[in-house]
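Both complexes shown next keep chain A, but they swap its partner, so chain B is in the first and chain C is in the second.
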Partner chain A sequence: MSTAKRQSTVPAGPKPPVNFSSTVTIPKDAVLQGTHSITIQSETLIHPRARLDSNLGSILVGRRSIVQERAQIGVEPQNIDAAVPGGVSLGDYVVVEVNAVIEAGGTEIGDGSVVQVGSRIGSGAKIGKDCTIAARATVAPGTVLPDQTVVLSNGQQRADKRLADARKLSTLKQINVVRKMIRNDQDKFK
Partner chain B sequence: MSRRQVKGDYIETETGNKVSRKANLLGTQNMVLGGKVVIQPEVMIRGDLVRTAPSSSSSGGTTAPSTTAIQTGRYCFFSKGVVLRPPGRRYKGQFSHMPMRIGHHVFIGQDTVVQAATIGDHVRIGKNCVIGEFAIIKECVEVLDGAVVPPNMVIPNYSIVAGQPARVVGEVPEGGGPEENGLRGLYSTVGNNPQNPDM
Partner chain C sequence: MASSPPYTYIQCPCSNEEPAEGSDASSPESDSFHDAERTFDPRAPRSNYSLYPLEYLLYCEECQQIRCPRCVDEEIVTYYCPNCLFEVASSNLRSDGNRCTRNCYQCPICSGPVQVGEVQAEPETNLLSADNATAAPHGPYALFCQYCSWVSSEIGLEFERASGIPSQLAKMKNGGIPRITAKELKERRKEDPDMPPLEDELVDAELQYSALRSFYQSQINGPSNGLPGGLSLGDGHNFSSPAALTRMMSMWQPGGRGAQGKTAGPPDVFPEATDTDKGLKLAQLDESAKVQKLLNGGWNETVSKDQLLGQLEHAHFQDELRPLQCVLRTKRSRRCAVCRHIISKPENKVASTRFKIKLVAKSYIPSISIRPLEPRAPPVPVGMRPQQPQEPPLKPLQPYQYILTFKNPLFEKLKVTLATPNNTPGRFSSKVALLCPQFDIDPVKDMWEDALDGDDRSRTEETGQAEAGKIYKRGRNWVSIILEVIPPLLSVDSLRPHTASGEPTDRSPLREDEKILEIPMFVRMEWEPEAQHDVGDRVGKDRNEGQKRELAYWCVLGVGQISHE
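Moving on, here comes the complex of A and B:
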């Protein structure tokens, strides 16, 4: 049995209501689904195959943030009993790297934080500003992290005393270069 | 053996590369596959993230403006869910991606994310690994499952690395036969006319 036309993405459900700034870069193979609103603020960069799901609550992505390929924002919590209703809110200059998962349920990530490759942020976690969640680390649901915390892969935490401004500048420079490489297709989502 | 779809699940190129139709390759014009490379479904390769820094033209040096983002050798095997992504950094005040070079006979396990600068020949990387940006993996290295190789790490020849963060935990035994590490055999077991692995 062969399908007549190969589908490159999952058959889309209803389009979520979106609210994009005109300077957002989002390619057509990013995946947006859900019923609540998805807001993406100015100069933010979404990579192909990133997945934003607003089925459980609205999604907010702040200014000058980066969501890399295969990152999943707003997924259904693993432990559905402990889950609280709500969406996901990312601050400004947030970087969500490849394969990172951010569960829905009032999850907040502060300005300048980096969620590295393959890590998982539990439902309702509140992550402060300029935090680093290292590769393949897990933040348990409901955790509250103070500003400038580093969570290592083995679950240890420590404070980060470096200045965060350099990292924000790096993020900005990265956005300015990479946005020229990704074909912007905002209209598809409207 | 079940009959495959008429069209085939893989695209086979002249040089013997087998690329799954379900792989996400971006910027294919910037990729060089060395021949007999297997790319399984759901692999994502970011060839679109090319170098933008003036290719050392300001300091003289290389003449060819290389736009190759990802280059692999022969008999590489990229398992399901692998992400290959050229590393990026600030260089002379500007952000630029740098090309990623992968040697011959490199195996990369399921769901591993690679942002290395260089991977040598005969390297075997397990599943669920993260290879940090600008890591350099020399020849005949074995990276065990789940390892997180930190950015900029240089792994010497014949090492075995594991852990989060990855550390050298041993040495590949001399003459242990990494020469082929079975990738030729593995190559023939995938594609549109897979051979029986026992043959």
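Moving on, here comes the complex of A and C:
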């Protein structure tokens, strides 16, 4: 009986040096690869099949952040010629939703920002605090967004005048619920 | 409907039908003869309006004819709100308009649906104790857009109750300022008759409209302003009476006015509104505030065209936009325009997506698919499967072979006859050859029945290779044949100086659609319908037996692009 999942034939890359807080929740199905360091700070939640790639630079994920399924952090920029070397840094309370892509190259995402389903953040973009990148939106490489900006999928931008703290609260609630459902397996990556 | 080749479009026969009054009685035969002989040109400007993919077409069983969206009549079955799926009676529609009057609103910024939610006045500072934060505040409510993070409190709209948003919203202007209604104004005037008229800034479009309306209404009903001849514009039923009609006719007849002697009356001139109470609102020419706002806010503060189109009042800036009530949608049934039979009718219930009647052409005429015999495009990886492989452009003057597959949806044996012109119409004509223009397709059968039947069907005629007069492949209810195409050289210089009829050729540069190789094909199908089982009497049965049915139509095969280097 070989009902085991088919293993990828591509040899796994080197194990990146990791630096986890003891309160991080990361399942064994998450994919961490690359050569630079990957730092994940306290109470952050990584979903299964999230992919963090530190081949081009180190990755920092702040406190109480969520990286959802099939989100890709630190991927190779689409336009490799214009890319600058560097990694990705996510602030605190950042939510990277399903299928979102964040390119490497000194990309920064400020505290409390949400990168929604299927969106793409270009290499070297600097996104401020409490921003929302709406579903399927694209942020061009090198863009600098001020705090509390909303980027819609048609490219329109607007200022968000909501109270940001309410969103942090819901992020926290989400972490508290989901961490009970995901089996933590930090040791696999160490 | 523009899709990349290969594709098959079917021409609806309705575009060939001459209008009834236009058909000349003297030469109907020659006309129809001429029509049948003419090759359909897919590039003709008119063809754009008659070609449809098979999925768009319906079929009328009574007329036994294909029906396209242009030759059916639509009737509205129900009106409903797409947001709350609530059915709206058509009588309510007349009084309430075509928007949902319940709590369904759209975001003015991104047109996404908005939700009613509580505005949290004080965010909890202690985020750690999130689990036990269960105080029940009944704070003010606002509309929240989940997509673009718009909140109605941005423009000062907050509500006391979570229900009955439309009535609360009607009393509020942007910024939370209470709106002055005409009724309120009247009451205020009654209490204080010496009250000065409202300032122009306070008069919004609705108030102005109601003021104008009451002003003109009073004039129409006024006694002194009747039309000559005792007609008044106010009650329209006067116009429908024959007496009024005669009077009106005599008024318009030359010389009639003098004969009636009623021209002495005052001309029917309405005085215009001259102050705010009558509905006058002066244009605001001082735009310095707006200019200042534009300087501060920049381009992102202004409204886009799409946002403005949904609004009832004109707005310049984002904060002037108001949440929109959802526009109602309809479910429609379709009737054949010729015989008035219903050919598509959805279920009345809003939530149901099923149809009571749905006669789609796909279940009456064979589907035609086209693919290259030797594909030159690499296969699409499994992960990107719905995507079609993109064939490289065809090289001129080289033969290409395509597999045409016909699939029979009927329970009867189908006899198909095809015809294509040897040279496609247009300046650059490709050479086309159908290797097997006449064949039968077996009916749809049960898979078991088919397996048990054995191999009595002659599989000998099937060759599996391109051979003239032979079918390429045959299956349970499908047949594949080979189509051979030689694309032309796309250069204006290679054209012959004169056409066959002696006119000089059009030497204008290459047009865009001439790169696409489209082949018109005439399909004629013939089948013998089985005797109707529900017809009990022998006469009906006899009549049905031996009666052949046929259907013929033009279709267009989009084969590919021709390279023109």
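By definition in this document, the second predicted complex is superposed on the first by the 181 of 190 C-alpha atoms of A that agree within 3 Å, B and C clash if a C-alpha of one lies under 4 Å from a C-alpha of the other, contacts with A are read in each partner's own complex, and residues count from 1 in each chain.
Just so we're on the same page, a contact is a pair of C-beta atoms (placed from the backbone, for glycine too) under 8 Å apart; a residue touches a chain by one contact, two chains touch by 3 or more.
Not measured: the values here are computed from a predicted model.
By the touch criterion defined above, A:P48 lies against chain B but remains apart from chain C after alignment on the C-alpha atoms of chain A. Of the two partners chain B and chain C, more residues of chain A are touched by B. Look at A:R70: by the touch rule set out above, it reaches chain B but stays clear of chain C.
By the touch criterion defined above, A:K190 lies against neither chain B nor chain C after alignment on the C-alpha atoms of chain A. Contact with both chain B and chain C is seen for A:A135 once the two complexes are overlaid on the shared chain. In the superposition on chain A, contact of A:V98 is made with chain B only, not with chain C. Legend: residue contacts after superposition of the two complexes on their common chain; A:K173 is shown touching both chain B and chain C.
Note: residues 134-135, 152, 173, 176 of chain A belong to the chain B contact set and to the chain C contact set alike, using the contact criterion stated above. Against chain B, the residues of chain A that register as touching in their complex are 2, 6, 29, 48-49, 69-70, 98-99, 116-118, 134-136, 152-154, 170, 173-174, 176-178, 181-182. Remark: chain A residues 132, 134-135, 150, 152, 156-163, 165-166, 168-169, 172-173, 176 touch chain C in the complex. Those residues of chain B that touch chain A in the complex are listed here as 5-7, 21, 24, 26-27, 44, 46, 48-50, 52, 83, 85, 88, 90, 94-97, 111, 113, 115, 128, 130, 132, 146, 148, 164-165. By the touch criterion given at the top, residues 109-110, 120, 123-124, 127, 130-131, 133, 147-151, 153-154, 300, 304, 318 of chain C touch chain A in their complex.
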